[in-house]
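First chain A sits with chain B, and in the next complex the same chain sits with chain C.
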Partner chain A sequence: MILRRTQYELARRVVGPTLLRLEAWQKARARSGRGPRGGPFGPPLESTRKLKELLSLHYLAGRYADGAVPVAWVTSGFPVELLRPLGFHAVYPENHAAMCGVQRIVPELSDAVEQQGYSRDLCSYARTDLGSVVTGKTPAGRLPRPDLLCCCTNICQTVLYWYKALAAHFQVPLVLVDTPYVYGEVRAHDLPYVRAQLEELVAVAERVAGRRVDPEELRAVTVRAREGSRLWGECLATSRARPAPWTGFDGFFHMAPIVALRGGEECNAYYRLLRDELQDRVKRGIGGIREERHRLLWDNLPMWFAVRELSTLLAERGFNFACTSYTNAWAEAGVQVDPADPYGSAARAYTHVILNQDLSNRLGILRRLAREYSCDGAVLHSDRSCKPYSIGQVDLRERLARELSVKVLLLDADHSDPRAWAAEPGENRLTAFMESFG
Partner chain B sequence: MRRAYIERQRQAGRRALAVLPVHHPRELLTAHGVLGVELWGPPGPPRGDGAGRLQAYVCAVARNALAFLQAGGARAVDGVLFPHTCDSIQGLAALAADFGGVAGRTLVFQHPRGGARPSARAFALAELRNLSSALAELTGAPLDPARLGWALGLHAEIDACRAALLDGRARLPMDDAALYALLRRGEWLWPEEHLAELGAARALLAPAPVQRGVPVLVTGYVPEPAGLLPALAGAGLYLAADDYAAVGRRVVRAVPAGGEPFLALVERMLAAPPCPTRGTDQGERIRWLVGLAERSGARGVLVHVQKFCEPELFDVPAIKAAFAGRGLPVLVLEGELERELSGQAETRLEAFGEMLRRAA
Partner chain C sequence: MSAAAPGGAAALGLDAGSTTLKAVAIDAAGRILARRVEPSHPRIGEQAERLLAALRAEVGGEPPVGATGYGRKRVAAGRALTEITCHARGAFALAGRPGVLLDMGGQDTKVIRVGPGGEVQDFAMNDKCAAGTGRFLEVILARLHVPLAEVAEQAARAARPVTVSSTCTVFAESEVISLLASGEPLEGIVKGLHAALASRTAAMVRGAGEGELLMSGGVALNAAMVAALAEALGRPVRVLPEPQLAGALGAALAVLGRSG
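What follows is the complex of A and B.
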């Protein structure tokens, strides 16, 4: 245990940072003498290097976390603030699956679980994660074994089925936060239910961690989590400027810390750095793409395996995604947590995430985003894997187009399984959509 | 015929609600004098203006229901009740409420997930009271608590009969098609009438086994298309143990005793067999299925799922592994709520039947 803890701390604080600095220095040397990135994009964001460092460190430390500190595998919408004071190392299988999506190893991981009887019709994040568990393959080197599984149904019910399978595999406790779906407004009994579950789960987490939550520490984590969400919101808001200083696709990558490191100071320090850089670009008129002619809204998860191709296709024609409902979700829920009432405010905040609210609410969010970011079109990614995000998009397309007089495209794909994306017809549809702007 | 029946019930002073799958407190509807008419599809391809409102990768149960409702299928009833079964039904409820297409009221029932925690009990109680208020609005009359006590007793009797028929399947001189037609009439008949029919069937139970086929356990969603059951019989099999979400998974065997009616209803809900749509633990479900297989003497397992049905599909590997470890062959059959059983499915059933018969 002591040896393991020493390895974990060394990885986090000494070896990891040193290796990463060395790698950064080597890359900088290799780059020196070359001019800025060409093509249709603006100059790359300096902060990206720090982002890579932050995430690499997180995953590197994770390799040594089990046996050193308690480990929790956590869904993206789970109130992780409650676990941080107990010293949990949090692993986000969705974030890890997105990484696998970018590296295009999802088909291989999915095949492994399809052989066990998992259907290809299941969410590709779940298939990726279960495939990684079965094969041990991961771009992170190694994922630590969980002591606790933490699931919140505010994004979907899928995570519950997926985490039940993980619980059966690892034979560890699963704590669930079941958030009643919000039609219009929450009802009198909804939030007390969620709050009571938070109290129940903390009791289990305390048992697993072998210590009690220190209220002062919880307060401090909540303050940081709220600050992190606010900072992330400020980063996103820079895209209200013309030209937007980065692309919506950049935002998908830079959201990783607010998902996986929320509540930690390193997350906030990172977003201060990013915000300052983005604000500076706005002042200097530097855009995410060289020539921004049209601004679009993106709804749903990205297609992780095709981000580069799609962003290039769009940027070459002067199109940028000025905002996305997905990245925006992380700026909206977290700011509602209140250090004076960590349980009650977490119940409220986590019940009100975009996917746990009805379609009128969702339409309202899309409408507001499209107006605030001056979008003249929208692409709704009809994501085969993600039913909760995709159901209703046929109606949303029609309503957005009618109410905002903008062009809207429904694009069929998947967020991480490239086998569900017909690249040529899909790109042709996108091209035809862009041509319709004249 | 169903439409005419609903009309007669309404003329007799009852209200009627179309109810989406699966778990909902029928006892409460009965106590309020509301006839619940369940909507499993209907089978066949979705038709009408609503057919394209849900993407093709959403299960046929949700797609067909939306198309049916939007085409005016719910005109014969006073509203629609959406239990929060899964992301698809939840999305459907949101669509119906926000974008029209459904005449009458829409009601929702959100059951707690993840077992009988104290928080779940409190929420279930509040949710039942909430639904009761909505039903009182629909009928224009508040709930008489004595009626709820009566309805609990009535549904406990129904469950006792259903359990007797399902658990004593080998001794029932009825084929699967006739038995399931009877059991599924409970999806729309007024419960007292259904109980009378069940009682008559129960009286037929023989003292010794009369079924000649090879007994199998079925777990899955809904026994559609209806052609599946004759096909099973044709393959020399019969459903000796039932874990369909639409049928066996709703039969409460351990009936909690008396007490305040709403609290008793909460206990009844929590005592129902494990179901992934209620978020029950996978190990608990497997133990339940193994118990069913052992008690019924099943020689094989049929996993009959709907395409794109995540709650069911996630458990399939665990079910396969559990029965493989016990030497029971498993056949996984995936459907899309077709009107007819496909030739391919029929062939697979025949092969499965032949294998089981050879092993018997």
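What follows is the complex of A and C.
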């Protein structure tokens, strides 16, 4: 235990950073002579280096986390603030699956579980994660074994069955937070119901961690989580400027800390750095793309495996995603947590995430974003995997187009399984959509 | 329309589709002077160059080329645009007014709301599989040994359509085989196939709203399909003159910088 703990801390604080710097130096040498990201894009963000370092460290430390500290695997919409004071190392299977999506290894991992009888109609994140568990394959080197599984149904019901499968595999406790769906307004009895579950979950987490939550520490984590979300919101808000200082696709990558490291000081320090850089670019008129002619809104998860291709296709024609409902979700929920009432405020915040809200609320969010970011069009990614995000988009498309007089495209794809994306016809549609702007 | 006097051609337009290659030469007024239509070969770039060379030989000169369709990137062209933009422009030029354009081609079915300047106001396309496209009819009719030339007559002869529930090309194929095996008449099945496809397409067309319904693409040459669509939609379908050429015409107009 002590040895393991030492390894974990060394990876996080001492050896990890040195290794990463060495790697960065080697890469920079290999790259020298090649120019930075060019073409239709603006100069690359300096902060990206720090982002990579932060995430690599997180995954590197993760390799040594089990046995050193308690490990929880959590869904992206889980109130992780309640676990942090207990010293949990939190693993986000969705975040990890996105990484697998970028590296295009999802088909291979998915095949492994499809052979076990899981359907390809399941969310590709679930297939990826379960595939990684059964094959041991991961771009992170190794994922630590969980001591606790934490699942919140505010994003979908898939996570419930997915985490049950994980619980059966790892034979560890599963805590479930069930958040009633919000139709219009939340009902009076919903929040106490959620809150009671949060209290129960902390009791279980305390047993697993072998210690009690220190209320002071919980308050401090809540303050940091709220601050982190606020800072992330400030980063996103810089794109209200013309030109937007980064691309919406950049945002998909830079959101990783607010998802996976929320509540920690390193997350906030990172977003201060990023915000300052973005604000500076705004002041100097530096855009994420060289020539911003049109600004779009993106709804739903990105297509992780094709982010580069799509952003280039768009940027070459002067299109940028000034905002995305997905990255925005993490700026909206977290700011509602309140150190004065960590449980009650978490119940409220996590019940109101975008995927737990009905269509008219979602329409309201899209409408507001499109206005605030002066978008003249929207692309609604109809994600084969993410049914809760994609359902209702035909109506959303029609309403958005009518009420805001903007052009809206529905694009069929998947967030991480490239087999559900027909690149040629898909890019053709996107191109036709851009041509229709004249 | 016959070949123009040498020098009369202002632009060439090429529509390199998944099933057919179409090319036109137009004069400065946008009139079609010459045309070529051929089934697509796998070596689409070479085929396109050959077709364009034939057109050049016919109309003379070296007019600029506009290209569209899936193979557009494999052709040296002054301007390459998607078939959605080009069909809208071509249809607008052929119809002389805006409307809702239904283009049914080999691999795509598109519904385009064409604005008063020939521009695309909105569009929708079939899902990424071939269900509900020209390819669907082609495959199933070939399986039934019904030549395209006889389709309309067969469908018209049917006393009633036999219900074909699937528009998935693969499933429909086995469905029609079992319908035949159970003694259903061939004409009725042919009519039923068209009705199934029309009902699927009608849903897309309705989503595009009101306006005169124009039709282009190779499937527009199939009178049985046009009749089935008119029936499913309860509104007239106006087939554009030379419906297969709308995309190529639009591409040629685009290189001239004209919308219609």
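Definition applied: the second predicted complex is superposed on the first by the 429 of 438 C-alpha atoms of A that agree within 3 Å, B and C clash if a C-alpha of one lies under 4 Å from a C-alpha of the other, contacts with A are read in each partner's own complex, and residues count from 1 in each chain.
Throughout what follows, contacts are C-beta pairs under 8 Å (C-beta built on N, C-alpha and C of every residue); 3 or more make two chains touch, one makes a residue touch a chain.
Given the structure is predicted, the values throughout are model-derived calculations rather than measurements.
K.L.:
Which partner chains sit in contact with A:E424 here, chain B, chain C, both or neither? Use first/second/both/neither.
P.N.:
second
K.L.:
One more residue to check, A:R219. First (chain B), second (chain C), both or neither?
P.N.:
In the superposed model, A:R219 contacts neither chain B nor chain C.
K.L.:
By the touch definition at the top of the document, which applies to A:H294: first (chain B), second (chain C), both, or neither?
P.N.:
The answer is neither, since A:H294 touches no partner chain.
K.L.:
Please name the chain, chain B or chain C, that touches the greater number of residues in chain A.
P.N.:
Touching more of chain A: B.
K.L.:
Applying the document's definition of touch, where does A:K52 land relative to chain B and chain C: first, second, both, or neither?
P.N.:
The answer is neither, since A:K52 touches no partner chain.
K.L.:
Check the residue A:L359 against both partner chains and state whether it touches chain B (first), chain C (second), both, or neither.
P.N.:
first
K.L.:
Touch check for A:C123: first (chain B), second (chain C), both, or neither?
P.N.:
first
K.L.:
Identify the partner contact of A:E435: answer first if only chain B is touched, second if only chain C is, both if each is, neither if none is.
P.N.:
After superposition on chain A, A:E435 lies in contact with chain C alone.
K.L.:
Where does A:K407 make contact in the superposed view: on chain B (first), on chain C (second), on both, or on neither?
P.N.:
In the superposition, A:K407 touches chain C alone.
K.L.:
Overlap of the chain B and chain C footprints on chain A, residue-wise?
P.N.:
On chain A, the residues that contact chain B in one structure and chain C in the other are 412.
K.L.:
For the complex, give me every residue of chain B touching chain A.
P.N.:
Those residues of chain B that touch chain A are 52-55, 57-58, 62, 84, 86-88, 90-95, 97-99, 108, 110, 112-114, 117-120, 122-123, 126-127, 130, 276, 279, 281-283, 307-308, 310-311, 313-318, 320-321, 332, 334.
K.L.:
Over in the complex, which chain C residues touch chain A? Could you list them?
P.N.:
Chain C reaches chain A through residues 70, 81-85, 108, 119-125, 127-128.
K.L.:
Tell me, which parts of chain A touch chain C in their complex?
P.N.:
401, 407, 410, 412, 422, 424-426, 428-429, 431-433, 435-436, 438
K.L.:
Can you tell me which positions in chain A touch chain B when the two form their complex?
P.N.:
113, 116-119, 121-123, 126, 153, 156-158, 160-162, 164-165, 167-168, 174, 176, 178, 180-181, 183, 187-189, 192-193, 196-197, 200, 358-360, 363, 382, 384, 387-388, 390-395, 399, 412
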